[in-house]
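Think of it as A, B, C and D in the order they're written, each chain with its own count starting at 1.
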Amino acid sequence: MERDQKSAAARVLIAVLAIIAAALILTPLVWMVLSSFKSSDQVTAYPPSLLFRPTLANYENLARTTSFLAYARNSLIESGGATLLGLLLGIPAAYAASVTRASWPALATLSARMAPGTLFLVPWYLAFRDFNLIGSYTALILTQGVIALPIVIWVLLPVFDAIPRSVLEAAQVDGCGVLRSLWRIGLPLARPGIVIATILSFVFSWNFFLFALVLSDHSTKPLVVAAFNFIGEGSTDWGGLMAAATLITLPPLVLAIAVQRWLVAGLTLGAVKG
Amino acid sequence: MPSRLRLTLAAAGILAMPFTAHAAAFNWQQYKGQTIHVLADNNPVGHMIETNRAAFEKKTGIKVEVDMFTEQQMRQRLVTVEDARSDPVDVFMTLPSREGLQFAKAGWYADLTPLTKDVAPDYDFAGLSPALIAAGTIDGHLTNIPVNIEGPALYYRRDVFQKCGVAVPKTLGDLPAVAQKLRACEPAMTPFVSRGLRDALAYTYSVFFHNMGGQYVVNGKSGLCSSAGLAALSLYGNMMKEYGPPGSVNYTFYQISALYRAGRAAMAFESTNELSNMMQGGARLHDTGITLLPPGPGGSHPTVIDWGLAISTYSKHKGAAWLLIQYLSSPAVQAANQLAGIAAPRADIASQPAVKQWLAGAPVRQEWQNTLAEMAKTGTSEVGYPIAQNPLSRQYFGDAVDKVILGAATPQAACAAADTKLNALIAGHAE
Amino acid sequence: MASISLRGVEKRFGAVEVIPSLDLDIEDHEFVVFVGPSGCGKSTLLRIIAGLEPVSAGELRFAGERANEKSPAQRNVAMVFQDYALYPHMTVYQNMAFGLEMRRMTRAEIDERVRRAARMLEIEPMLGRHPRALSGGQRQRVAMGRAMVRDPSVFLFDEPLSNLDAQLRGQVRTEIKALSQRLRTTMIFVTHDQVEAMTMADRIVVLQRGVIQQVGTPEEVYEQPANRFVAGFIGAPAMNFLPVTQEHGAVRLGNGTALRVDHTRSGPAILGVRPEHFVAAPPGQGLAAELLLVEPLGSDTLVHFMAGEVRCIARVRPETRPQPGQVLHFTVQPDRAHLFDTESGAAMR
Amino acid sequence: MSTSLSSRQRGVLALLSVPAVGFTVLMVAFPVAYTLWLSFRATPLGHASHFIGTANYARLLHSADFWNSIRVSLLLYVLSLAMELVCGTALALLLFRMQRMPAILRSILISPFMVPPVVVGMMFLIILDPTIGVANWVLGWFGIAPSAWLASPMGVIPTIALIDTWQWTPFVALIVLGGLQSLPPSVYEAARIDGAPPHRVFWRITLPLLRPTLVTALILRSVDLLRFFDIIYVTTQGGPLNASNTLNIFTFHIGFELFQFGYASALAVTLTALVFGVVLALNQLRRAVAW
């Protein structure tokens, strides 16, 4: 009886905390989305207009004046490519680093994130120019891949670490080589981690504009670089910016929603540990 | 960009047709089939390029691709590309008052002088502001062609001034008193706002400085702390500190326009370029007046600058690039620009019928036009120190201004600290 | 199907020498138990045989063939892990089928083998479940089944009973023993529990610090321990050790008491007496023992007493109903007494 | 455990890292070498550079702005990191506890880091404007005096840390959630049976088991926080009075506003070395907490 009351109280507490957290997290997002339905002068109006006549003008304007879909496609190709590249190279590396407990490969791949992004601009520009790759998807996927790769590796390291060694050894005894253990045992067991790594690296490369700023050209410009079209002297279009931001945020959000079901907890390891 | 503006521009494009019709002698099609890349700043001038792109492409058969970024992004891309001596940029927008000397020294500007000889008959090169052309000519090379003029102007609320029984200050010295009265009569309103962000305030501060009688370089030394300089520093700092909005130290055009548009400021000292932004939504269209900053002991020296179009030294399509510049700076296109709130660097534009009609549409437009005309006549484009390291000089005195705004130092102390660095900079000791 | 022989096998982890140099022969069809306290190297040895651990030196032969370089799969071993190491994302069926799949067996054959093993282990109803839905005992069976289906030439068990409760442990012990008799496969079983070793093994290998102390049948290691370590490790309660001086046909304890034993020489020694080899003696004879603690076990009763400095345990008949504080007198069965060298601990014969 | 691998396995495992490491080296080696080279040179804009020894480094060591930027960077780093780890772990626990929350809601709760950082900066520029911002307006309802937020030299760093915490807490939460989901539930059950109250379970069981995951979050956030850029770039550009002039912002200014590439390279090298040092130290932590 007492226990029931206690857990009921705990549930209420958790619910209250959840609501507070949600409010703090959501308020700016709501502001962003609401602003995308306002005209620019309404966005910056004071006091803020809570009740306003929503307008679709920002979105219409976006559709009319910006090759939004083309940019979105570019972003998808580049971030998708970079994420794939990151997963392809990162999963085996993380697995190896976890099994051998040697962390230097993981550290090495992080090196690209230790230097300021601006350090890469000129040298990369020179290098990609020599390979005639300026403005190519290849250049953008490769450079964004440098961003995605360490995220994949570092997110997966503890996940692979949590797989009991004996399970991998059992696979070895069952006749699996290193690669096959990774494929048949490591990958399925690390699935929630891989999902998270995918979301994170996708979002990172989706929103990273610096490299694309100099390496993309007209036909390969990603969305986030195009978003700058809304900011500028004499032309800061707050409503348009927020509409663009809302639309830019949507694809990663959709991705996150879509992969949620792979994120179910308690999927696996509980059964074999202890 | 507000859609209304775009429509106006399109209409202007049609209007512009007759001007180009009899220019048959000039071969606009000579670079047909080429593609040129334009690096543009995301401001009304940049948008103007985008707006005129289709008509130009049709006229010349040249394909134009415009990459538009915020000013800093644009510069970041430009410097990467130019530093690599690479050619993906043919035409770029440039702020001669800021980076002219620096870029010229770096050799990034192609010399336009020979190209100006080969123009369509109706181009009227001489009609472009001689002062700006002179300022853009460095070591005998014409570095850019101006496509607009702009400067900080005083936007003020006629209705509030009337209600509070104050007039536009006659001199710079009257400014605090006026602000004081406005504060007393409209306590909810910010009496005065201008730029406070370190790297942005040179534009507005320079007018205070010059009107007070200041000169940035006197006999090879920094003149920041002359008595006129100190007076300017005190006045600007105090206006922002006492009568500016809280947080004014971070203010640049984003906040200033938003504040003024929302009806929360009685006076805003901001670029003429912001006109359409400030008027957006229509709330300010009929209660706003525009004028120059009042003169001070040193007279009236409004800042007037231009955005110019330059051709990259490394461009492989200089001929086609020049056609674009020529087209965009032609009297016909510039007249159309004026209707969109982009002041043309051509004195005789205002007398064109379409422009006249637009100006008559709202009193604020006429005032805006008058202010710009005055700027063009009496203005100076000295924004910060006239040295290659101009951007760094802006940071140094920007720091001093911010210290005063924040009350972190007396004007004397703040100025002295900046002056030491500036003198070293002028002497070329610092890189 | 496979005899195993180890020659000069060494294992070092960095600077730490876990197994100095070891020779061992395991016959085909033999059930061998490695036993020893934790850290004695028994699991390492098992993992070396499995192929999970490369040797630092020496040679390993399976059926006469060098196997050092062979992978676990090539050695055709199957292993049951201490934590069972079931694949958590696979059903019981898939767990058991996995190793066969790796051997490219046909579906039909896999199915047949899995079902046969499941039947044998009585886990057929669980084939569709995931390991997380099984109890500890059931998981243990699945782990065995996974090993069985492979029809391996060597079966390896790494303390597979340590996670089971006592009752289940006894039951599974019997099952494994029965299984070994039915399958007639070479089996190596690692445990730190000497009861498991005694009850299951054809031969026991007693290890300490990576060194084999004795290899022999359960009877041999129990009755003729090669040294004091083996003597003390095998048997519960443990053998009592008393410092003595040997005289002809007798040993003299520190307090002067003389006890008759066989095989004496002369000089100091350690007398080893198992609790059940103390014999009640009439008052005044032998060792006078004032009982400190009495533990009735039902079948017999353990009594604790001090013999000089040494605490001893003797097994007495429960009918005598001894009480703490009471004084009993013991002699030892002369032919069951063990004498060990004071220095080396080696049995004196 | 690592010594238990056969040489063949070691070989295969080493090969598994080769693509990742090789790719990174291929991409990173040239820029880093180039920057290092440039850091020893004077680079007059548009003209050939020339060797000047360690003059650029000497210059930064004697620059008050440099030391200020180190101080600002570290302050912002510590403040943001602490808040993000605490809030991120809390949010992860919340998401973990509320398993049945609809996917869409969960996704929205983790979405702030999906908003482009530049937009976040612009957004908070308006939301936190002392005069026309929503923040002060809302706080006003509760009788809280308006704050200058980004415009106060004292308040700017905490404010930026708050913005960053808003944006990146979900990122940390997601990583921690991944860790929580690979923890054995039996441990909680065991602890509950032992009669431990929930908060004890958290401190004594969950948190220690989460350490490797937290170190991952720590390292991933550290590399970004030590190079703090986007939000400052959009909001204060290092001001007011250098109060938010992080090393990365400072480096950017020198390089891409003032075009002093040699000096900027020396600063970039220094920043990289700083981040590298911190990561190495944190990596030791990773080893120490592995279980």
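Operating definition for what follows: a residue touches a chain if its C-beta (ideal position, glycine included) is under 8 Å from a C-beta of that chain, and two chains touch if they have at least 3 such contacts.
Note that the structure is predicted; figures quoted are calculated from it, not measured.
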{"item": "Most distant chain from subunit A, judged by the mean position of its C-alpha atoms", "value": "C"}
{"item": "Dominant interface by contact count, named by its two chains", "value": "A-D"}
{"item": "Where subunit B and subunit C are represented by their mean Cα positions, the distance between them in whole Å", "value": "91"}
{"item": "Subunit A and subunit D: spacing of chain centres that average the CA atoms, whole Å", "value": "15"}
{"item": "Subunit A-subunit B separation of Cα centroids, rounded to whole Å", "value": "39"}
{"item": "Chain centre separation in whole Å, for subunit D relative to subunit C (CA means)", "value": "54"}
{"item": "Per-residue multi-chain contacts in subunit A, two or more chains", "value": "44-46, 118, 122, 126, 177, 228, 231, 238, 267-270, 273-274"}
{"item": "Residues of subunit B touching at least two other chains", "value": "76, 83, 254, 258-259, 262, 264"}
{"item": "Touching two or more other chains - residue numbers and ranges from subunit D", "value": "5, 122, 126, 131-132, 256, 261"}
{"item": "Complex contacts: residues of subunit C adjacent to subunit A", "value": "50-52, 71-73, 77-79, 81-89, 98-99, 102-103, 130-132, 146, 150"}
{"item": "Parts of subunit B lying in touch with subunit D, wherever the complex brings them together", "value": "72, 75-76, 79, 82-83, 102-103, 105-108, 190, 196-199, 245-250, 254-255, 258-259, 262, 264, 389, 391-392, 395, 399, 402-403, 406, 408, 431"}
{"item": "Of subunit D, residues touching subunit B in the complex", "value": "42, 44-47, 122, 125-126, 129-132, 146, 148-153, 233, 235-242, 253, 256-263"}
{"item": "Residues on subunit A engaged by subunit C in the complex (per definition of touch)", "value": "164, 166-167, 169-177, 180, 184-185, 188-189, 267-274"}
{"item": "Residue ranges of subunit A touching subunit D (in the complex, touch as defined)", "value": "10, 14, 17-18, 21-22, 24-26, 28-29, 31-32, 43-48, 85, 88-90, 92-93, 95-97, 99-103, 105, 107-120, 122-124, 126-127, 142-143, 145-146, 149-151, 153-155, 157-159, 161-162, 165, 177-179, 182, 192-193, 196, 199-200, 203, 206-207, 209, 224, 227-228, 231, 238, 241-242, 244-245, 248-249, 252-253, 256-257, 260-261, 263-270, 273-274"}
